[in-house]
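What follows is a set of notes on a single structure, which appears directly below.
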Amino acid sequence: MTFEWIQIPYALLTIFIVLNYGLLMTALIAKIAARVGRRHGIPIWQNYADLVKNYGLRSSITHGVMFYMGPVFRLTGGVGLLLFVPTIYGSVMFSNLSFAGDLILALYFVFFGTLGMALGAAESGHPYSAIGITRGLSQVTMAELPLALAVFAVALHYQTLSITEIVAAQQGGFLNWTLFTNPLAVAAAMLAFLGSMMRPPFDVVLAPQEIPIGPPTEYHSSYLALMQTNRVLFPIAKIVVYMNLFFGGATSWPEFFIKVFLIYMVSVLVGVVFPRFRVEQSIRWFMIWAVPIGILAIVLA
Amino acid sequence: MHDLYDRLKTRFPLGDWIARRPDLAFVDVPLAQLRSVLLHLRDQEGFTHLVLLTAVDWIETGEFQLTYLLCNRRRACDLGLRARIARDPASMESIHDLWPTAATYQRELREMFGIDFPGSPRLHEDFILEGWREIPPYRRDFDTLAYARETYRERPGRVTRDPAAYMQQQLDPGGH
Amino acid sequence: MVSAIYPLAAALASAFLLGLLHERQRAPAYAITLGVLGFMTLTAASWVWGFAQTGQAGFEIYTAGVAPPFAISLRLGLAEASLMLLINLTGLLSAIHLQAPLLAHGRRAMAVLLIAVMALGGLVMTRDLFNLFVFIELIVIATGGLVLLSDDPRAVVAGFKYLIISQLVTVFLLIGIIFAYHGTGTLNIDGMAMTTMGLASGGALAFFLMFIAVVIETKPFPANGWALDIYESAHPAFAAIFSAASAAAALFAVDKLLLIGGSDWLPIATGIGILSFVGANLLALPQTNDRRLLGYSSIAQTGLVLVVLGQRDLLGDHTLYVAGGLLLANAVAKAGLFWLSDLIPKREPAAWAALRHHPLALFAFATLLALLVGLPPFPSFYAKWDLVHPLADAGRLWLLGLILFGTLLEAGYLFRWFGYSLKREAPALTGSLVSPRFGVVLVAVAAAWLLALLWGELSVHDNLLLAVPLAFALAFLALDWLPARVKNALAITGLVAYFALTYTDYDPLRMIFAVIFLLGSALTMLAGFDVQGRRPGFYPSVMLMLAGLIMLIRATDSFAFFAAWEVLTIGSYFLILRGKRSEPHALSYLLFSFGGALAMLAGFALAAQGAPSIELVALAQVAESVAPWVFLLLAIGFMTKTAAIGLHIWLPGAHAEAELDVSPMVSGILLKAGLYGLMVLLLAMGTQRLAGVDLVDLLLWIGALTAFLGNLMAIFQEDAKRLLAYSSIGQMGYAIFGLALMNHLGWLMALMFVINHYIYKSMLFLAVGGVARRTGTRQMFLMGGLITLMPLSFIAVMIGIIAMSGVPPLSGFGGRWIFYNAILATDARLPIALIFLSGPIAFLYLFRLIHTIFLGQLKDEHRQVKEAPFWILLPQMIYVAILIVAALVPGLLLRHVDQYLTEFFPFGALNWEGLRITSDFGYWNPVAIMLTIGVIFMLLLSWLLFVNRRAQKVKQFNIVFSAERPYRPETTHFAWNFFAPYRKAMGFLVQPLVTRFWDLITQTLHGIGEMTRRIYNGNAQTYAFHLIGFVVVVFLLGPGGTA
Amino acid sequence: MKPELQPRRVTGPDGQEFEVDPLRDYYCEAPPAVHPPAYLKIIEDLFNWARAESIWILGFGTGCGAIEMRPLMTPRFDAYRYGIQWRPTPRQANLFVISGYLSVKTLKRVIRSYEQMQNPKYVVGLGSCTINGGMYWDSYNTIKRLDDYLPVDVYIAGCMPRPESLLHGFMELKRIIRAGQAEGANDYARNFAWYKDNQKRVIHDWDMPDYNW
Amino acid sequence: MVFIAMAAGFILILIGFYGALTNRNLLRMIVSFTLADTGVHIVLVAVGALPGRTAPILDASVPVAEAVTRIVDPVPQALVLTAIVIGLGVTTLMLAYAYRLFAQKGTLDIAKFTELKW
């Protein structure tokens, strides 16, 4: 795999598909949640309206250079992650830029956006931003651990770090998925997944009433729009990693849509059932439940 | 509750006992005895909770009447102690050392009635009225209506009606 | 060669002659005294010169012209001549120092002084027991007189106690002598030695009495309360004689007697010696009087020499070299220190801060202490090395351990003392430095360096003093008067030139370290241009440290390695001590390093198996029975420097309190020494098993734990430099972990960490130091919002933390990628979980660092803060450039290392084709990553700039504040206890258990010292009891027990 | 003025003394700007459609009406289906619902929050009190005409208005937005002096910059 | 004879030691030490003569070559003399000390002179 210019339009196409899919899917999920509560819920195109409106706001303020760059970092993280991971297995078109790096790149690039965002939010000088970042970082350090362990277990399992090869090893029937061949690793990873999705019970970071929306308190207009774009792209990019590692990847767009939706729904289902944890509670929860599973996974791998 | 009055009577010179409800009564207390009665009620009679501290402007007699409403949680009854202080200059001993909450009430009384409570914490900070420049608004010599007219622009077309009469007219225009 | 009789006679005669002078003719009397002492000194010097030049063996002098037993014989050899020189010189210099009291007391005092010096010389030369007794008694009487020269009224009591003890000693000695004579028929020592003493006739007991009497003259613990009192109360110049000359003479007498006793008595001498050494050092710990402290130290050192004498069966002919090294070092140091103590106004050790007023005095103090402790290049260093090796070979490990333990204790209180001298409030000196009283101290200092040169020449090892780096470093001592900028330029030029001259010598592994130690430090030292003035003491220290580092990587045998280790330790100690509040931290640094060095010493000694030193590569061939122990000891030694968990408590304070440009050096550069050691060790010895445990696995766990706990502790720090320091602990843990993986990529990762850690830790320490310089604080919560005022520092910190946290696209990611590939090839799974956890934790403290300093709310008092000075920024910007280049083309240096590592770990090398790096498991294309991220970033940024083109720049209080407004920046800046929720969840892991453990140990030692020294209750009779008890116990344990 | 807003002498770390004027140093002093609509009408129409379909209300209850707004979000009324939701911070909100009577103390906070919202922004006066003071018409401490202080787009009469009428009011607002007539923010900027004058007339302890960015 | 002398000498030494260690008075201590010294001298004299050897006079009966094994070394006798002289010297010195100590504190109790300790 090397770089060719044709990959740029392919990558743009991937972004376009994933962005639209994400906008619709999150709206759909909100709608499902509303229907559970006997509400009509938002219109399916609500996310488009929100996005356009935020891009369309006429005024904006800036607290400084990092404030300006925070959302850029954030979205770069999302887009980059999406592009560094092959989206559709077996498709040259949608392998995107995965030649640049392997699983480890994906794993560490997750932090790129987080870091930039945290820097940007912190420059606003708002104490609630800082509190939100504290909470987010504290929580994510522990939540990422089971994932790292699971990824390590999977890499050991398949003796490779290349995502494409891991997906290839899972082809030929769903019983070949890591989900079935290495359930412990998947269990650990999925618990980590819950922690990284910013949904209940792990959403104290945003705590809208207590620390108005946490890190992005000061963000608005097009900054917020960039972050909303990322909010759509980034979880899907992450899910693509999960899908590729644990659920056999996707060989076509329909399969991709279904799998992403289902994996996303896991966090939603957990979220609507459980109340919110405080940060130290969620850290302890990960330490007591998720980490041991992860350790078991690597010890037994 | 009257037995409480009897017990108190033996210790302190008290005014009349006005029982509003079986669990609510008011009694006048001489200013000099107020503090010791409060202390006694708090420590001996179980009135541990200061429900509120408020004032009434008796402009005619040139006095403020302060009401200390205490609550006995265990027996679920309230007792209001009333004391009268001079209206001008209005000053009263602070009881924030007995109940820390009293400080807040005292701040309010200072702002609304202009009663001074020397020693009470944060007494002169703005409480509700930020930047108030008139005489305290709850004093009866403050003309609220004139102040409101002068300060806040009215929207023309506002009509004020007596609700009873207006409803009567609406429901029964004939006036039967 | 002048006959040995003349000096003795001259002294004796002039002592009598002085009596002829008139009481008031004090100046002539003094002149005569000095003249005679000078003559004696010169004579002794001529002897030494003669013996050294001709290599001639010693000869006997028959006083009556006949051989013993009919007459008394003296012997004069190189040893005797050297000791005579020492004694006479000490006498001369002390006489100069004693000018005022001698002139005050007149001719009698001078006569007594002459007698004392003469008697000491006699004690050294005589071969006759009778004569021995006479000289000892002369010494007693003279001492009894000279003690009274002191201004201290308590000296009278001390003298009386001494006399009482002497009475007892006399009795033992005479009884012993006469019975020995009875058994052998001769009083000549050599004659006695030739006849085996009949045990039946009680010969052993006779010898015991004689022996113990002379041993008591060496003031063995615990029968030495009287000696301490003299040290404390006598005039310091006399104490110098008492410590340097008397002890030396007594020790030589013991050695002579041991000739008679034969090898059976060696263990007893050893036992007494080691008890004195450890006991006196332990008791010195809680001392609060400087002279008494010196007294304890003197007793300890004498004990150590006694140990050496007791090890004659092992050391053989080498005994003289070893014992001489220790003895002369102690004598010169003690004499110098006692003389120096006269300049100090008060008697508590902290009053030595008075020396701070004069760099020369401070230099003298440092030299003498180093001489005493046995740091390279001083003779005691060679001596200890040569002592320890045979001990280890002969399996006398208890003795070895006790010696090392005592040495550590000694270093503890001596360097604590040195710390006082730099850091405590400085009173004025009594007396001026141009007086002869200070002149004699300088003579001692000169003697110290001369001895260093001499012992280096005499040793079987290389002469350390002649090593180019060390000489270059020491040259800065002489250049200390130059302005700091000139010295800085010189130093940088020297470093770069040395690299240019030697860069062909290094293999790729050493090359990495050479680059960091030479070029890296030169780069960091650019920040030194910022300092105005002379910056006294800085350049010798820093160059000493760097010299040590260079010598370390150039060392091929264990001696050179160890010497380099000590040099770098001492240099860095001085460097760290320069910080404002660094006194306790520097001490704890030194103690841990020194303790680690002693462990290394033991390890090398075990490994050498009797050889004077061992080639480092030969560590691979160490016998299997000792190999794991060697590994363990060396690893512990190295890990004190990398601050592995448990041994880490010195690091945060030492790094945080150091000066602005010292912190990056001690963190970015110095820590690598430990890693280098571990690499050498692992390369040579590989895996070792002890009690079924694979030591490398143990190392793996230590590395993981260190990484985890170091990082965890870092996130709870409020002090920016402490945070970085704890982070260093964690980073070193990573590196140890990588090494302990013992596979190709693990090593590659560790080496990459070496480079990366150097770059970003130097950069961050400089940046934070610059900020701290401008804001006047290191507490992060007191800063905030500095991004607009110090943008370049901010950029440095930001690049630093991105690189350090391993986020692509900067170079830290490469490290993580190699790390993942490395652990995939290993079977150790559990420690990996810990290491995984520490990665994201690093993210926490790094964010805190940048947030609380540069982001958030700017404080009132910092509104007009300027950007850090140019010279502090310059290296940072260079580091930024290097980081970016290293991120783009990591192969530049790593490729060669990768290739080189193939020699040791043939499997798992990376594949470098074009821009792409491939391992057995994955692949990585740094340029593609950088480009992709860059392009996406720029596109999005330009989009945002376009959309937001009319954004209003607002100020710091224009924030949404729940419809209120902020009151003050300090109440709005969320910074203190930043990770409170994390502390709630994980705080239980950062209990300061290790600190408590070490505190407990030091307190216990202090407590034992404090308790034990109560036996010296000041009563002469108690001391007499001690003495008799000591004699009885030694008897029961020695000859009495065996009979 | 509050002491913390008064200029103060500060000593820097290098010992240099200087003055800090909080209002000047800590707050942006720029006046609000008039922001023209997009250059292309079709784009402005698209934006207006989006603005109308995505109304984010600032979660700031200024009076008793706040409690009456809760039912809007319940399954019974479900304002979400109209693209209406609450945001906790004024930076992200478009609509400010002044829910009921407005005391002078609260007015100060309302002005702050309003000014921190981004252009375009809308104000809905909820209940009689915002229109003419309602039952607080003779209060010493309650304003009577909201539009003297902030540009109001829609008033919803009633004391209290039912959720249905609120929804109706929001529909009306949407209509105005879509028609491009909800230019309150620009009006405010244009008539800034007048609004400030009115505001300062009732807020006697004005202790904030003229415009709260 | 030799045995008696030796025994007497040792007894004196022990008495001297006992006296020096149990008496707190400086003068008594000094006296005790002189006793012990005397004991030592007696022992020296008693032990110094080697049985079966002649006086150290080198004449025809004692050839120089055999002298080493045949004569009694005169040095031990000299030793006794020296020891006596030195003992005297030390005793004098101690007395002088005792005088100064008394001048300092007005007491001769050894237990009172314990400023220097630990």
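For reference, chains read A, B, C, D and E in written order, and residue numbers begin at 1 within each chain.
Here, a contact is a pair of C-beta atoms (placed from the backbone, for glycine too) under 8 Å apart; a residue touches a chain by one contact, two chains touch by 3 or more.
Keep in mind it's a predicted model, so treat the numbers as computed, not measured.
Shared contact partners of chain D and chain E, listed by label: C. Of all chains in the assembly, those touching chain B and also chain C are D. Here the chain at the heart of the shown protein, by mean C-alpha position, is C. Each chain gets a centre from the mean of its Cα atoms; the one farthest from the centre of chain A is E. Distance between Cα centroids is largest for the pairing of chain C with B. Centre-to-centre separation of chain A and chain B, using mean CA positions: 59 Å. In terms of their C-alpha centroids, the spacing between chain B and chain D amounts to 35 Å. Separating the CA-averaged centres of chain A and chain C is a span of 54 Å.
Note: centroid distance chain C to chain D, computed from Cα atoms, is 70 Å. Touching two or more other chains at once are residues 950, 952-954, 956-958, 960 of chain C. Looking at chain B, no residue sits in touch with two or more other chains.
The residues of chain A that reach two or more other chains are 59-61, 212, 217-218, 221, listed in rising order. Pairwise, the chains that touch each other are A-C, A-D, B-D, C-D, C-E.
In the complex of the two chains, the chain B residues touching chain D come out as 126, 128-133, 137, 142, 144-145, 147-148, 151-155, 157-158, 160.
If you check the complex, the residues on chain E that touch chain C are 13, 16-17, 20-21, 24, 26, 29, 33, 36-37, 39-40, 43-44, 47-48, 50, 53, 67-69, 73, 75-76, 78-79, 82-83, 86-87, 89-90, 93-94, 97-98, 100-101, 104, 110-111, 113-118.
Considering their complex, residues 33, 35-38, 46-47, 49-51, 53-54, 75, 78, 80-81, 83, 87-89, 91-92, 94, 118-120, 185, 213 of chain D touch chain A. Contact residues on chain C toward chain E in their complex (touch as defined above): 69-70, 72, 128, 130, 133-134, 137, 140-141, 144-145, 148, 153-154, 156-160, 163-164, 166-168, 170-171, 174-175, 177-179, 181-182, 185-187, 225, 228-229, 232-233, 1013-1014, 1016-1021, 1024-1025, 1028. Listing the residues of chain C that touch chain D in their complex gives 774-777, 860-865, 950, 952-958, 960, 963-969.
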